[in-house]
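A single structure is presented below for examination.
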């Protein structure tokens, strides 16, 4: 795709660049090579393994960007299907939260591109966020008691229960870590790796899953990206709705009030209460607040990584 | 020969119709809906249904199929759901790149393979025969993507001899010779990858075929007439060995295109294979169906050619 | 008789040992892989997909072939992955041979309308771009190993079928068959008793050659991210090794090597069988004079 300079742009003299070419390179490692060799100037996502090498490269600038590929303030989130066993039991959800090693995920799968999430609202959305919530640290030794409490005792082969984890192929690595984590507490996780659309359809439209995963993005305001996941009125066959099937009238009411409240302090208090309730009930399990790197050649100047007008003032050394 | 050709020609339309119906049914049987990729996270039900009806996806399957077949008959392969462009123009836009890649690879592979195969057959068990046969046997066992990645990392990555991706440099502004050289430069690695794997096949076919021909009566006659070994080898043996080679290579068109698809993904070569891969991942039905049609028709024709050549060579088949 | 022209064109009696060596190499390669596959639980006990240590550790004394990005033992994954690859290869070839024999045998023997119909079916499957069909099927119905085998088996049989058909057609009117028919033997008996034993060997070879193809195709599918993630597979490791090609070479190198060794071994064996069956090649031109 080629964008050409708009000579009638409303800010005089801008933009500087004549032409911008967008290219899709399917293999991430090939894309990195293209950047390193100067065939490309700017790279949207960086494969984790290459971050360190790019940091060491004097010709390339690496910048942290707040968003994942799908929007802003995104949290990769496990979806528990609350409508059927075993996740209708709180203890099972808590056991999963304790068993999953998010530090391992962050290091090995996300290559430290992000933070461990604490709840439904991203920590970077400072005004609405609160760290004062129920935390579930990685302590797999607590899982067996919780699973016993829910009636899932080990069978003769040591296995307590089996769940089907439906995920898009992009989450394959995350899923493999989770499968290993859970195997250690006697839970067999069967991976159903599907292409993106098929996974979305199976989780959100047909609700035919035990465990799902999606990147939920908070968006500029919790009202846009958070509310939709928890409202009982939003349990419908639509992608990225209330996929867990979570129903809590108190939560419905709090979200409704927050939506119509103008005062930011008052709204924040409502969102804080929402976060406290949700972390107690864990209808979802918030894994990682994702953050990406953008990389560009040092010849490219004045990119605005954080803003929507990335290229407005950009220019490139060595060309006009 | 005439009636046989006519009979074979008449058999083609039902085969193509069958292929179309099979592919259509397969795709529509599967779970997943292309809309979710199109519309993304944000849509509501009315928005979804509006788009669905605009694309005709809400009609009964039978009606969609009839519409599709009627369209195909008039040269209309439908519109791509994702690109919102006629499928036929998308495909035709990609055909040149794939033809360039496969054509170059096939030409190189045929040249080298036939040459080495003939030389090897002339001295079975000789040093050259053993060496080339050994290399060809190993090459036949190498996965195309692995070979491509090895070449990519070594020749393009470490040594920087070739560009790592794409067909033309993004920055190239001029056309003419500069463009041709630039494309040729990009072509070297993907075409070599594809050619190396085809060489193995063609080499072994030629070698076997020439060896078989060398024991035929007419070769002995030629020898008895006192013709030079060189002349016998190239004029008589090779010429009579080539037809079976050509026909078998014709029958391997599918393998060639499949190899091209993987190689295109590795090197971000903008051909049919890449288009198909992207279309499959985004479930762009019309594009997938269109490419299947084009590739299948190509294979039907190649198959017809093979059969006719066989019939020409071996009359027993013709009268069977 | 033609000794005078045995110049540079026809060979001297040369290197008869070479094919023997090749088949030995094939047997050794396949044998090693097969033993590893069968004894996987002894050689590398435990779940091969579990994290055993630090991530991305290069080959060394504690992890022979290193660990991957999730700290899993590559050696263990390769040993267990051998099962997957060999299963795909063998099951596909078997399926292709069985379907091919049925279709090719019936088609070649009965000719006429049955032959016509079956050959249309054969052609139908032959012109279906099988790699693309497999890709499509996996994308549509999910990455299950049995599905991959089923699609490959269902698309690999036209080759053996066509070979068997032409064999049967050639044999149908040979003296011993005509004689058997004249003696009043039932058609089915003739087909099974007289024709198939003589026609089958090339089919076995053709199916044997599919083993390598099938393994490579499964690896290609896995490379495109379409493999079964519940099983360790070489293609799978190769696929996840792509981002590490330059930072951790051992991730892609060893599974790639295993793949090449297995397919190479299978091809050598199939070649050898082919040589055994083709009298002209077996005798070799040098023995004609």
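When the chains are written out, they are named A, B and C in that same order, and each has its own residue count from 1.
FYI, a contact is a pair of C-beta atoms (placed from the backbone, for glycine too) under 8 Å apart; a residue touches a chain by one contact, two chains touch by 3 or more.
Being a predicted model, the structure only gives us computed values, none of them experimental.
Colleague: Should the pattern of chain-chain touching be classed as line, ring, star, complete or other?
Modeller: Basically all the chains touch each other, so complete.
Colleague: Quick one: which pair of chains has the most contacts?
Modeller: B-C
Colleague: From the mean C-alpha coordinate of chain B to that of chain C, what's the distance rounded to whole Å?
Modeller: A distance of 21 Å separates the two centres.
Colleague: I'd like to verify one number: the distance from the centre of chain A to the centre of chain C, where each centre is the average of its C-alpha atoms, in whole angstrom.
Modeller: Going by mean C-alpha positions, chain A sits 42 Å from chain C.
Colleague: So how far apart, in whole Å, are chain A and chain B when each is placed at the average of its C-alpha atoms?
Modeller: 39
Colleague: Using the touch definition from the top, which residues of chain C touch two or more other chains?
Modeller: Each of 139-140, 242, 245-246 in chain C touches at least two other chains.
Colleague: Please set out, as single numbers or ranges, the residues of chain A touching at least two other chains.
Modeller: 27, 194-195, 198
Colleague: When you check chain B against every other chain, which residues touch at least two of them?
Modeller: 30-32, 152, 157, 265, 277, 280-281, 283
Colleague: With touch defined as at the start, can you tell me which chain B residues reach chain A in the complex?
Modeller: Going by the criterion above, the answer is residues 30-34, 36-37, 40-41, 43-45, 48, 152, 156-157, 160, 163-166, 169-170, 265-268, 274, 277-278, 280-283.
Colleague: Could you pull out which chain B residues touch chain C in their complex?
Modeller: Of all residues in chain B, those touching chain C are 11, 14-15, 18-19, 22-23, 26-27, 29-32, 122-126, 130, 137-138, 140-146, 149, 152-153, 157, 208, 211-212, 214-215, 220, 223-224, 226, 229-230, 232-233, 237, 254-255, 257-258, 261-262, 265, 276-277, 280-281, 283, 288, 291-292, 295-296, 299-300, 303, 316-317, 320.
Colleague: Mind listing the chain C positions that touch chain B in their complex?
Modeller: 2, 5, 7-11, 14-16, 18, 22, 111, 115, 120, 123-124, 126-132, 135-137, 139-141, 166, 169-170, 212, 216, 219-220, 223-224, 235, 238, 242, 245-246, 252, 256, 259-264, 267-268, 271, 280-281, 284-285, 288
Colleague: Give every residue of chain A touching chain B within the complex, in rising order.
Modeller: Touching chain B: residues 21, 23-27, 30-31, 33-34, 37, 39-40, 70-71, 194-198, 200-202, 205-206, 217, 236, 238-240 of chain A.
Colleague: Would you tell me which residues of chain A are touching chain C in their complex?
Modeller: 27-29, 47-50, 52-53, 104, 107-109, 169, 172-173, 175-177, 179-180, 183, 190-195, 198
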